[in-house]
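Each chain gets a letter, A, B, C and D, in the order it is written, and its residues are counted from 1.
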Amino acid sequence: MRVAVVGGSGFTGLELLRILSTHPEFETAAATSRSLAGEPVDERFPGLDTGLTFVDPADLPDAAVYFTALPHTASMRHVPGLLKRGRVVDLSADYRLPAETYERWYGVEHEAPRDAVYGLTELHRDEIAGADLVANPGCYSTGAILAAKPLFEEGVVERAVFDSKSGISGAGASPSSVKMYSSVAENVRPYSLTDHRHLAEIWQELGGGEPSSRIHFTPHVVPSLRGIETTAHLFLDGDPGDLRGTYEDFYGDDHFVRVVDTVPEPRYVRGSNFAHVGGFERSGGRAVVVSAIDNLVKGASGAAVQNANLMAGLPEWTGLEAPGSVV
Amino acid sequence: MRVAVVGGSGFTGLELLRILSTHPEFETAAATSRSLAGEPVDERFPGLDTGLTFVDPADLPDAAVYFTALPHTASMRHVPGLLKRGRVVDLSADYRLPAETYERWYGVEHEAPRDAVYGLTELHRDEIAGADLVANPGCYSTGAILAAKPLFEEGVVERAVFDSKSGISGAGASPSSVKMYSSVAENVRPYSLTDHRHLAEIWQELGGGEPSSRIHFTPHVVPSLRGIETTAHLFLDGDPGDLRGTYEDFYGDDHFVRVVDTVPEPRYVRGSNFAHVGGFERSGGRAVVVSAIDNLVKGASGAAVQNANLMAGLPEWTGLEAPGSVV
Amino acid sequence: MRVAVVGGSGFTGLELLRILSTHPEFETAAATSRSLAGEPVDERFPGLDTGLTFVDPADLPDAAVYFTALPHTASMRHVPGLLKRGRVVDLSADYRLPAETYERWYGVEHEAPRDAVYGLTELHRDEIAGADLVANPGCYSTGAILAAKPLFEEGVVERAVFDSKSGISGAGASPSSVKMYSSVAENVRPYSLTDHRHLAEIWQELGGGEPSSRIHFTPHVVPSLRGIETTAHLFLDGDPGDLRGTYEDFYGDDHFVRVVDTVPEPRYVRGSNFAHVGGFERSGGRAVVVSAIDNLVKGASGAAVQNANLMAGLPEWTGLEAPGSVV
Amino acid sequence: MRVAVVGGSGFTGLELLRILSTHPEFETAAATSRSLAGEPVDERFPGLDTGLTFVDPADLPDAAVYFTALPHTASMRHVPGLLKRGRVVDLSADYRLPAETYERWYGVEHEAPRDAVYGLTELHRDEIAGADLVANPGCYSTGAILAAKPLFEEGVVERAVFDSKSGISGAGASPSSVKMYSSVAENVRPYSLTDHRHLAEIWQELGGGEPSSRIHFTPHVVPSLRGIETTAHLFLDGDPGDLRGTYEDFYGDDHFVRVVDTVPEPRYVRGSNFAHVGGFERSGGRAVVVSAIDNLVKGASGAAVQNANLMAGLPEWTGLEAPGSVV
């Protein structure tokens, strides 16, 4: 099956190319980049082994599935046209929220709303398989939702605080002061203390979509290339019984969510599409659940391939078998 | 004035020796180390410039103030004897809590309870100046208490969650698996999810000392040598008015607590005794306040010298003028 | 084809298990660990997805190829027995050198010399395919030899200095002071300034095996988990003509050695079995050639699988298709 | 004595402000920054504690010594005017080399040559004390020259290769792709393999100033904020006798050069003006000597203050007493 990557030179686009280069069923027909058109991908990014040359978006060939790895607002200008040619997995924020919610959080008018399925596979597997447009979730959203969904389903969460720590690759590839080694190393940088945009997705998937004083989120950048650790501080107003059991029941059929006996750490999922969920300690009315993902894989490009696999009728782990890291 | 460091070969002991080596009023009479006795300090630790040779604890000379930089339970075996010879600033946990509270949290019998002042200078300055025994606070406790005390004083905090991220030096100098580069780099490690021992100090200073379901704490190790960032998620049940103003009023006279306009980051306090407090965003009933300290300076050895300065009648910043870092 | 990993709990053993878990032709029959026998591999090391449980070496099942990932001197006690049951790829140093050379460099008696092929695939491909015992090269040796072999073959190297910078995983998994985050981060540690044991392999493959004042080597540890960068300072006494052309000719058929247009950096080969060679600047009689490998893959476990593939009659890249990294 | 920092917002300018803020004899009259004029220094860079506000260069007040921390070519436009008002320590490259040598290496015309003393204190102490213009050395040059000067003085060096590893702060504060965390972390980047500009200074101080095929240099960036480790591979054609003794004799009177018993590591000099020199192993005609400095202190701003101290008739260590680091 032919797929194409629209926006191939950012971190999520490159990570798609990395994953797709060993996918046994997908043939990557093209990777677009306006600025790098004509350059061999593997010379510009010597870690890759794709055999491709970047093409201008105007020269995009036909494909069954298009991955759009573009900044928000850029995606909405490409997606409608692509939907006439095939199906789309969009890695931007443009189709994750209802249009009016999107406009409120992102402060721009949505030029091209379309029906889309929110692409957190574990929650929307069946709709994803049949969708024409899948909106791949935000990286923080993925970590937070997976850490808490089973207890929200039980209806026992009175209040949730998600405190997340991310590697810097989540901020993208373009140079800026806060992404320099001298700003990131030996440091922790909290930002968007109360109003990061991924909170809108968390509210949508955990809280019914309305602004909620029950669900809070603060992100931080830590000195890492990849990885998001999310500490979910969950205040309970009911008794879920055995916490681990509740999670094991909820994720029982999910290939990529592993309920672990230890406290999850990002190092163990580095390079893989696995999400680890664990911790499960309780005291004083609070349960602490921890999740760990690789923000570029399960938090972005791996999840996009997982969704495309479902759309293609393949097992969702096809081409995503790489385990995590041992060091 | 002669001072001595008892337990000079751990990270807090060495950091004391580093700070004291340029102190204009204190003369470091000795540094003890059972295992390194006879070795020149500056050859074993070539970053130092003390001119000292480690001595066995049995050969400890007289001093006006003894800094005990020992593991907990070791301190209680040395402090009573030292108090007969002079005054003591203890960097261990042994004298931070009432004996029965200590025994409950540390799971050992307290062999030698003594009256001590809790050495968070900004809260107990006057008692410290006259004390014979000062119990220097825990590093996490310092970061958490400084981030929230002004709002607790206002009586408007319904619930607090302290989510702290620390460099690995807080775990000490002895080799172990979790301190290896391969365990710490490119990772985040949450631990003691609900019951870290420093919580007892936080309860004591913010909550009246009783076990409290209002005050929660979870620590994490991030890939850094030094530094603690604490994100205080403070749920308010009253209106403190202007948050920044409340903090500026509270810390108005404090040399080492700087209420900053930005969100504090550990990189700016690296190597210094300053604590930065800032953030001050509010939404949905939650205020987020962030503090940043160097865990080995304001979180340990710098605070100890700050206290010793007060005990000696010196300005508390004597020998602690080093600013933070620019890179 | 059934393979087994003898010594599965060190870094090279674990990396073997990581690579083998997605190998399409090899079935990993067992991983041994004396200390972890009975523990599920994927619970102890949650980054892995092997489905195995560690077994005691005494319970090692039959396999066609055994990978011995043991410390030197431990290997020589296992290899003779294993050779009676199948073929062996030994990742230790025990079979890389003639016995008397080994004894001189390692300071121990060789208890069980056997004929072995030096397993740098690119130099000894044909012998490896037919060998019963392959001695997998040292990580530094691999980086140095690949960086210089084409010019040594041309006979134009008067003197060579290899200055190598390695991630800390090369030092193994057991805790020690020099491997702590506090010793490795924000630092560079040169060691074995003139006599690192891998020099014996470099002499063997580049200089005919005799002690040589023409070939020098100094290793360093830099703050990285993985990766070796080797700067080969090559003083020439003849004219090799076009440097890049010489290397392209030499490595023309080699799947895993990529002669690049840029200066190689370890980040691009992270997680992959590729070696990048490039640089090729000349001035004042010196040529500078740079190589980059992942010390745990091309420098150890990936090279071992590459060799086992050849021994099994498979394309040498089977199961090793993972590209390098984009971030 | 009043001093001023011209170009106060780059890394060397900021490091000057950090050091000068606790200097007991120098009063920092001003720090200039065209882009930040009017901004309080300590709010823009919260690690600092200067009490200053950036001023426009046009408003530079009088001072006895001006530190020019400007890019090369910018310095030559300011220095002549400043020399009419006082003495100058220039941290740029503009006055380190004879004008024609400068023009050849930097590819620009020198608009304003002036007599200057090369400011490597240990080699030119007496001329510095009386100079009006001191050209502060390059960071790599400092590390390389200090590592080898004693053996060059002995006339026994046949050939030298300096292989240096630097933290990224040496590349300055302006954002660019190669300075991003994602480019620097978990990586080693060799660059300017044969022709880095600091080589001209090394030739000048070690080789008589002529292009030399005896003296070679290759720099690398490693994942560190600060620090330069230089491995000097020194091929000897004479016998210097006891290496360490030769170095101890040469540096006997130098406060800031410490000949150590171990192999120097940058972590021990972090934040300090000390240079450590050690290693001293020999084999096969090669001696290996290692030096470690903090590139922003002894490699730049600390050395500048050391020189200004001499110019002011003060002990050269005034305000530079800070020891290195213990962690």
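Rule of thumb we're sticking to: a residue touches a chain if its C-beta (ideal position, glycine included) is under 8 Å from a C-beta of that chain, and two chains touch if they have at least 3 such contacts.
Remember, predicted model here, so these are calculated numbers, not experimental data.
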Of all chains present, which has the mean Cα position farthest from that of chain C? B
Chain pair among A-B, A-C or C-D whose interface repeats that of B-D, sharing over half of the contact pairs by residue number: A-C
Whole-angstrom distance, CA centroid of chain A to CA centroid of chain B, is 38
If you average the CA atoms of chain A and of chain C, how far apart do the two points sit, in angstrom? 35
Distance between chain A and chain D based on Cα centroids, please, to the nearest Å. 45
Tell me, which residues of chain D touch at least two other chains? 11, 169, 173, 182-183, 185-186, 223-226, 267, 270, 327
Over in the complex, which chain D residues touch chain A? Could you list them? 11, 168-169, 173, 175-177, 179-186, 223-225
In the complex, chain D touches chain C at residues 159, 161, 163, 165, 167, 182-183, 186-191, 193-195, 211-213, 216, 218, 220, 222-227, 229, 231, 233, 235, 263, 265-267, 270, 279, 281-286, 288, 290, 292, 327
Could you pull out which chain A residues touch chain C in their complex? 11, 14-15, 17-18, 21-22, 43, 45-50, 169, 173, 185-186, 225-226, 258, 260-262, 264, 267-272, 274, 276, 296, 321-327
